[in-house]
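Two complexes follow with chain A in common, the first pairing it with chain B and the second with chain C.
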Partner chain A sequence: MRTSTEHRRRAGDLPVAMVFLLPAAVGFAVFYLWPTLRTMYLSLTDYSLLAPPEWVGAGNYERLLGDRLFWNSLKVTVEYVVINIGVQTVVALGMAVLMHRLTRSGLIRGVLLLPYLVANVVVALIWYTMLDAQLGIVNQALEWIGLDPVAFFGETSTAIPTIALVNVWRHMGYTALLIFAGLQAIPKTVYEAAATDGASEARMFWRITLPLLRPALALVLVLTIIGSFQIFDTVAVTTKGGPINATRVIYYYIYEQAFQRFNFGYAAAVCVALFAILATLALLQLKLLRAGDSDLD
Partner chain B sequence: MNPAPRRLSWQRMAAWAILVLFVLITLLPFYWMLRISLSNNRTLFANAGSLLPTDFTFGAFKRVLGIATLAEATAEGGSGANINFWRYLANSVATSAVITVCQVFFSAMAAYAFARLRWPGREKVFFVFLTALMVPPIFTALPNFVTVKQLGLLNTYAGIVLPYLFMTPFAVFFLRQFFLNISREVEEAAIVDGAGHAHIFFRLIVPMSSAPIATISLLVYIGAWNEYFWPLLVGQEDEVRVLTVALGIFRAQTPQAGPDWSGLMAATLLAALPVIALFTIFGRWIVNSIQFSGIK
Partner chain C sequence: MRRITRLAAVATILPLALAGCGSGESGDGGGSGAAPSAEKIEISYWLWDSNQLPAYQACADAFQAANPNISVKISQFGWGDYWTSLTTNLVSGNAPDVFTNHLNYYPEFAGKQQILPLDEFVAADGTKTDAYAPGLADLWVSADGKRYGLPKDFDTIAIFYNKKMLADAGITEDQMKSLTWNPKDGGSYEKIIARLTVDKNGKRGDEPGFDKKNVEVYGLGLDENNGAGVGQQMWSMYALSTGWQFTDKNPWGTKFQYNDPRFQDTIAWWRGLIDKGYMPSLAIARSGTSVNDGFGAGKYALSTNGSWMINTYYGYDGVEVGTAPTPVGPSGKRATIYNGLADSIYAGTKHKDQAWQWVKYLASADCQKTVGDKAVVFPAIPEALTIAEQKFAAKGVDISAFTVQIHENTTSLFPITDHAGDVAAIMSPAMDAVLSFEAEPSSLSKANDEVNALFQ
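Up next is the complex of A and B:
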């Protein structure tokens, strides 16, 4: 008996592993690997879905450089990401620290997570109703305190900040939970020592919490920024890229190019550009925030 | 447990006040959705500032569920537009269920191969699987659309579920973490008794991992239920339309003059209800799993 087990160990379980891996490997090859390569290939072609792709070399990329709408979509997306991530990170950090210092309540954590579990489409529609210029409660509240109503989704200047803040509402609790997990990794003894020395809460936050949280925060930022660049659902349900081009974010631009104009080759080129931007950003962030090493050591 | 000093109690009170404010900001929009869905759409406008439903009625829910007559609907300010709610609900339930069962099962098989079996190149192959996490979904969506179209599966259930059926890198990664922690001794004993890998997988690993499998199933189900982009691409037709896509279309069809806000909010609430219910029952698991994984 023993020798047969030993034999299996040395030869490895390759045949069995192949059987267990088969479905996932097929899914990976057909719906991840091949499409990724195909998008890169399509970005070098002219393809309308009706006729086979036609090779155009770098043509799509040349067009991209001179495409005002592409640059606009990039600008709008960056604007969205900056507002969304900026506000969300500060709010979530505040929530996480408050929870960490005040309570272990699972109920509060659960409630704060709730918006994240509801579909983007649902969140968009709730806020679309609440922010309506005529009967939205937010404009009612503005009226009560003596301000003029705002057409949140309808003005070029407010549309992107509005969408960014709606998604802050959806993601703040989730982000707070990720940061909260990072806070729990900070040893309690550090705080106890600081408290014995008579350090104030504010001082503990700036001198202990924030520096020790940096690696966790870096990872959270990388994940949330990449996610934030992929804003689509809220725009598709509320503004559809308008007013004018104010909310034509890059995902929505790709969607329009591919599925409304059937410029699949060009849409693929925009995809590749987006991917390059995201990969660069992720690498840069991890480098800058030194996510790998901890100040605890 | 708590290292915070208790002497500055007014500071703690202020901190509690801010935390409660966050909870209120989180809950208020849900209440507002409920309030509008229980209002009479005709009287909403005149009572926009009221905190309670105006002219309390279940009319909006009846309109959405198709059990209101046209006269009833128009009397309460409905548009008379038909939303085939039960069909979309069934579509959402079915596609999400099929995605969950298949994806979790196949991902568990793969996770077993990565965690419990020894074979050359295992870590390298796993790394390649993980890189798929880095690819933005739209990057694969364009060619996947072409694939589904060429297979003739546009506007079919198969087309909606296909890309999610076999695996997601996250599910494989999540389950592998748990499978790695199972003690080898149990398995060795079974091998000595002459058990095959199918037996070990189904009779030992899967039952011992029932909690993480339930958690990932819940996460996959909620994710599939909330998905909008892919079903928008391949499942626009009424027959196969899922709830998220239906809500988008319902909103787009809402007339600019005198929209049926109550109806819209009732439909939105019904679409969110299953997730809220699942969360109320299993919330603790989800909260814990997010702490555990740190990603998704």
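Up next is the complex of A and C:
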């Protein structure tokens, strides 16, 4: 597909290109680059938010290594991400394939997206109310079929899985739509050829859909995993980090350190640690999943 | 080519992770010159309680009528959002000129020069600081002797009870007024809690064959909020009635006393109620609805809560509610935390004088009578409290269960210390661990060491 003219762009295009790039570049510098650099600087200071920062060098990072709650928050966050992404990807892939192979209905596609259109906080609060151990409708239903009520958000063992699944419910339609877009890039002719050869739906899924979907899936995974690591709002409106430290996910820990305990410098150090983890993870994923290459070439 | 695009994609995505972290900028404090008097000046005012909004709007209307050059713009936020918004606005230099302040937060704001000392204004205008219920005005004087607020209201803790459940259990309302408590067997207080607990088969908590695994109505509700190291409406009224105090001195203590056996025995007794089936487990309490909604839905017979919740508890359809003072403890006295709110002026305000006029009015008998007339909170000025008392009575609410402790002088100050945010962050998971039986009450001694290390 690539032609040699692509490599020999005329220098005359440069000013025009700059005009088109400028708005995005300014936005990137102001909203991403500058805050990132400032966070990195603040992570080397003792900064109580309401007084000027004081330089402490690597002090915050030393403290980080010995902070039991930081490691706990990482563990809890990873547990959340594994459940959230694991379930969500499988469900979304199934939904996308069904949309792709079974229906052309715009209405159904729209309905699948509905939970995503409801604000995160509202979704969290509604589920929080529905899952209440004594008054929640879900536990009423459990009681009718003869099961004991479960304090979904209240038990240390079920709190994180509950939050992870609530967010699966909200995001699965959106993720399915992203995967669906990837599916549409697979040429119909491949399926027609397979059908002529007498391949079953299951075989087509494993041999055609999944391999050809790999680049799209890789991108979806990178995006959703990074998003998943940033779980905050559901925790903030429901469990607030508890019971004990069961849902003190890393972003909630950062928020607590920064805005409730005024340890802004330390919170910035946790931010930078999270940044390093996510950067490594994203690069690793893209490398392993060869997101840049398509098997269609 | 592709490699570069891929790197660019990663570079674009990743800062998303950081964007939320680095937006803090220190405010420059703003100007402070007096504005020209001819122009109309707008003062912004924040509060968190939506129940109180109409009362303070009425105050603002009266204030504006008397001061045509000043207008007051009131904004209300829920309790949780309030402090987050306030902090971020303080940081960005956009905080409201005047805001409702809390004892848990003002030491931090005062220490970081975010709120103005009022002493100069008070001295210049000859404002009386002894017009309030005893002790309230002293709460707002910091360790360095400066005043940061004028009292507007106060609150205490009492027991809300479901009248029908009481009658069904054969307990009289008079009995509720003379309850005693101790951390060993819980006294007559635990006896009525047991009596009011009913299992799915209709057996009461004090009857043989009571099934603590299948409870229909708990005698006592457990708050959905973690009371952290204060336990204001959760456990403070028991612990304080043993003679225990939060800190070595109050206000401005520097040594917490969570290692005291009287405190730990109280917590041991309190969580024992869960084990006996008289109070829901921490997991149930945290699973979705508030303790007051649980009370309103008939899941709890008793619920300890603050006077600011009166209208909520009395507002549930089909529930007849009464109130009783907290039980008399081993010290021979009842106990309750005595907490008060006040209004503070933002240090960066551009309209200091107008802000002071508004604060002075909020703390005046005129405004507090207006607030008392709406019967939502207890005003700090005694004559305004009398009005509130009558208005509450007209609604069928007897507030004597809340005020008796002031008359009998059994109140304790809300613990006012530095590092309140850090203390809460340490005590909150520590208390959770004890309440969920993952740690023993003696583990609170270790948390106490951590707390006290903050003050070293």
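Quick note on the criterion: the second predicted complex is superposed on the first by the 264 of 297 C-alpha atoms of A that agree within 3 Å, B and C clash if a C-alpha of one lies under 4 Å from a C-alpha of the other, contacts with A are read in each partner's own complex, and residues count from 1 in each chain.
The working rule: a contact is a pair of C-beta atoms (placed from the backbone, for glycine too) under 8 Å apart; a residue touches a chain by one contact, two chains touch by 3 or more.
Keep in mind that this is a model prediction, so the values were computed, not measured.
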Chain A as common anchor, with chain B and chain C clashing or fitting: clash
First (chain B), second (chain C), both or neither touched by A:Gln260: second
Touched partner set for A:Phe28, first chain B, second chain C, both or neither: both
Touched partner set for A:Pro215, first chain B, second chain C, both or neither: neither
Contacts of A:Trp144 with chain B and chain C, given as first, second, both or neither: first
First, second, both or neither for A:Ala119, with chain B first and chain C second: first
Contacts of A:Leu42 with chain B and chain C, given as first, second, both or neither: both
First, second, both or neither for A:Cys271, with chain B first and chain C second: both
Partner chain(s) touched by A:Ile244 [first = chain B, second = chain C, both, neither]: second
Chain A residues touched by each partner, larger count belonging to chain B or chain C: B
Stretch of chain C penetrating chain B in the combined three-chain arrangement, among 76-84, 148-156 or 436-444: 76-84
Intersection of chain A interface sets (partners chain B, chain C): 28, 31-36, 38-39, 42, 49, 128-130, 132, 134-136, 219, 223, 226, 229-230, 251, 254, 258-259, 264, 267-268, 271-272, 274-275, 278-279, 282
Contact footprint of chain A on chain C as seen in their complex: 2-3, 5-6, 9-10, 12-24, 26, 84, 87-88, 90-91, 108-109, 112-114, 226, 280-289, 293-294, 297, 299, 421-422, 424-425, 428-429, 432-433, 436, 438
For the chain A and chain C complex, residues of the former touching the latter: 28, 31-39, 42, 47-52, 128-136, 151-156, 219, 222-223, 226, 229-230, 239-245, 248, 251, 254, 256, 258-262, 264, 267-268, 271-272, 274-275, 278-279, 282-283, 286, 291-293
Sites on chain A touched by chain B in the complex: 1, 5, 8-9, 12-14, 16-17, 20-21, 23-28, 30-36, 38-39, 42, 49, 91, 94-95, 98-99, 101-104, 106, 108-115, 117-123, 125-130, 132, 134-137, 140, 143-144, 169, 172-174, 177-178, 180-181, 184, 188, 191-192, 195, 201, 219, 223, 226, 229-230, 232-233, 236-237, 251, 254-255, 258-259, 264, 267-268, 271-272, 274-275, 278-279, 282
Footprint of chain A on chain B - complex, ascending: 1-5, 8, 11-12, 15-16, 18-19, 22-23, 25-27, 29-30, 32-33, 36, 44-45, 48-49, 106-107, 109-110, 112-113, 117-120, 122, 125, 129, 132, 134-147, 149, 162-163, 165-167, 169, 172, 188, 191-192, 197, 201, 222, 225-226, 228-229, 232-233, 244, 247-248, 251, 261, 264-265, 268, 271-272, 275-276, 279, 283-284, 286-287, 290-291, 294-295
